[in-house]
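The chains carry the letters A, B and C, assigned in the order they are written, with residues numbered from 1 in each.
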Amino acid sequence: MTALTLKNVWKEYGDQVVLENLSFDVAPRSFVALVGPSGCGKSTLLRLLLGQEKVTRGTILLDGAVLPQEPGPDRGVVYQKYSVFPHLTVLGNVMLGPELQSERIWGRLFGAARRNLKDAAQLMIAEVGLSGSEDKYPAQLSGGMQQRLALAQALMMKPRVLLLDEPFGALDPGIRTDIHQLMKRLWNELPMTVVMVTHDLREAFTLGTRVVALGRTRDRPEEAARYGASIAKDIEIWPPRKAGGDTIFQSEYALGWDDLTPHGAFAGRPDPSTET
Amino acid sequence: MRLINQQLSPPVATALKFAPFALLVLAYLLGSAARLAENPNDKLLPALSSIAAAVDLMAFTPDRRTGDYLLWTDTWSSLKRLSAGLGISTGLALIIGIGVGIVPFLRALLVPFVNFVSMVPPLALLPILFISMGLGETSKIALIVIGVAPIMIRDLAQTVLALPREQIVKAETLSASSWLIALRVVLPQVMPRLLSSLRLQLGPAFLFLIAAEAISADSGLGYRIFLVRRYLSMDVIFPYVAWITFLAASADFAIDRLRRRLFPWSELEGGR
Amino acid sequence: MTITRRLTLTTIAALGALSFAPTAWAQEKTDFKVAWSIYVGWMPWGYAADTGIVDKWADQYGISIEVTQFNDYVESINQYTAGGYDAVTLTNMDGLSIPSAGGVDTTAVIVGDFSDGNDAVFIKGAGALADIAGRDVNLVEFSVSHYLLARALDSVGLSERDVKVINTADPDMVGAFQTPDVTAMVTWNPMVAEIETLPDAVKVFDSSQISGEIIDLMVANTDVLADNPKFGQALAGIWYETAALMTADTEEGAAARAAMGAASGTDQAGFEAQMAATKLFADPAEAVAFTSSAELGATMDLVRAFLFDKGLLTPGATSQDAIGIALPDGTILGDTANVKFRFDTKYMQMAADGTL
């Protein structure tokens, strides 16, 4: 059983071929980093997986079933920006998904249901290190805190696939390192598959279990429109990383093998106050 | 030092704020004195004492014929029409604006029509309005709605369309239906803009109100101004104009306060 | 510092005086401005300006006269009252209530015509004037229509308390009459002619029943006239030449009526129908006789009583005598120390005598 399967996927906009005959499988609970030069179709592929756009030819399967034609709660997403709702507080943003899911008329819960949800939301907020900021609006948070919030909001839906579109690209290096720790931990603890688009190779190799590079096979200008991108490289990280159970992150021996961050920084919770 | 870098001390800044007003009053007083010296009964620029007498007559003395205090009955009539017109326009803007902004079917159906209607000069339609809706309150309110609603609808639809697509997709991944996206994602985010739009439309709404009242009415601020205009009673017109200005400015201020209170985040977003 | 301040004050005073000061009235001058608005009895002024009759008479007296058409009657009177114009066309009632009540001493130079059916009261459905009781009446408040309504109600023993007046703008009268909630209306031509053709309109009263009370005038500022009698003579010359032309049963006369009809938004036939409801004084001797008659005094008495009742005869007026009205025979109605409205047959008499 695989989480995601792409079979001979083509994506064209008019005459412009963007993706050409893509086929690959993504194993459950893997963390795939999609890399490639600008404009090679990484984000297009992510939108196809989201259901925001339709494939021109080919099939995408999610756990064996054809992917729905529009976005849904089984696939969460975090963008580089605009991922959270500016009119809701941190708590409101995190509670929004379950509220929408369980109350289909007003999209709001009251009474005991609301209290239960609030408790769950507060746990999630603590999980991403935003405790104490529950009543703040996104505009009052730093960029890194906003992305933590976006992760918390998406994860409340317990998505089978989490799609990340350059989620940490706009963050300062120090903050990015902190949030990488968080990302690793979340991926390890929660039963989900992650597909992340990034242009940062180091990030790809730090977080991924597998790095897929998209690229055009033919690059002559007159051919650019007629030939789309396909898989240029597909690298399994060695030694293999596995989510759940004992992982390198919990093993003292493996510490720091492929991560330059000192142990102490990720054993504890990242401290939001260091972010500005 | 360059003009753009001038630092004004607080007393100077205060003095400058009041200077244009003071200059206007002074010019009026001098012009009025000059005209009254020539013709003591001049009505174009009456003395402040005549204006005060007119205010007393309109606001604090019951009318000889009806026993009403004219300024207050006029204000009440006009505000009823104005709030009905603006209320309906706001409701329409909310429903149609959001519908057009998020539902492609409604967008295709209504956008060209609303754009077309917003270009129609409403005052030219008055005879049709009066014949189809009568001379009563309905046609006056309808004039305000026709004049104001299309622009508010367009403005709101633009605001909805300008919301990042990412937010809508994100809401879909949070399992929202079209209705819930409208209710919990789009509506609250466009409300501040709706209130700002309402503020901007206060001026035009007053214009349409006064135009409608000038055509047929038996009370109202515009009615009174056009009635006494027949006698060049500037001593009544000036206080009425000042009163309308005050009402509009108060409403403007109140709506902005309301926005800040109801949607504190909109202030944060603006400050970013 | 004091010098600067004084300079500033002087500048502001000069600015204020420049922008608001009335045009200097009382002095001899050669350039005059006349305002008129569209109405059957005033169309000759526009026609005379277009066809060179105005320039001809102005040249004869060595002056220049600028004739301006206003689309808004009230605005033309306001402009005159504020001092922007030397003469204006208006009715006897509006002359008393606007410029005279505004302290501008005004003289009727030409009594051009009176309404003889041009103003009318309509009701829907029922057949008699008395049925108006209890209805809303749409009219231009405080205009001659309001006066006509007062006189009409008076004639059947009713008063304004028996109806409710709804102020309605004159361009919208015809449209308004076709709405179901309008059941009674007072208006003037050309609207009267339009409304008469509507199916359920019943004309229950018109100005021919108060013949000679609604009078259309060319008035001028008394001081200007006193210092510049040439201006009055030129106005009389223009009026009687044009009036003779428009009443003539000749090809030129028909052409003039067609032109005036077109200018007032109708055609020759429509214009002639309106003329039929107007008693036009093309003969100056007839105008002099009408103006000097005792009936004019009686009419002005009714008019000032109406205006006083409506509070329009100057704000502080305590009686209908607040403003003096000078009649041609020298009698004065009201306050002799505050004569602001005068009927003067001098220029019409000169026209009658052929001494212009």
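The rule is simple: contacts are C-beta pairs under 8 Å (C-beta built on N, C-alpha and C of every residue); 3 or more make two chains touch, one makes a residue touch a chain.
Remember, predicted model here, so these are calculated numbers, not experimental data.
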Open item on the list: Suppose chain centres are the mean of their C-alpha atoms. Which chain sits farthest from chain B?
Closed with: A
Task: Top chain pair, ranked by number of contacting C-beta pairs - done: B-C
Task: Cα-centroid distance, chain A relative to chain B, in whole angstrom - done: 48
TODO: Let me have the rounded angstrom distance from the C-alpha centre of chain A over to the C-alpha centre of chain C, please.
DONE: 83
Task: Separation of mean Cα positions, chain C and chain B [Å, integer] - done: 37
Task: Complex contacts: residues of chain C adjacent to chain B - done: 12-13, 15-17, 19-22, 25, 74, 77-78, 81-82, 97-98, 101-104, 138, 141-143, 164-169, 172, 175-176, 178-182, 311-312, 314-315, 340
Open item on the list: Under the definition above, what is the set of chain B residues touching chain A in their complex?
Closed with: 164, 166-167, 169-177, 180, 183-185, 188-189, 263-266, 268-269, 271-272
Open item on the list: Help me check something: in the complex, which residues belonging to chain A touch chain B?
Closed with: 50, 52, 70-73, 75-77, 79, 81-87, 96-97, 99-101, 104, 106-108, 137-140, 153-154, 157, 159
Open item on the list: For a test of understanding, state which residues of chain B touch chain C in their complex under the given definition.
Closed with: 23, 26-32, 34-35, 38-45, 50, 53-54, 57, 64, 126-127, 130-131, 133-136, 214-218, 223, 226-227, 229-233, 235
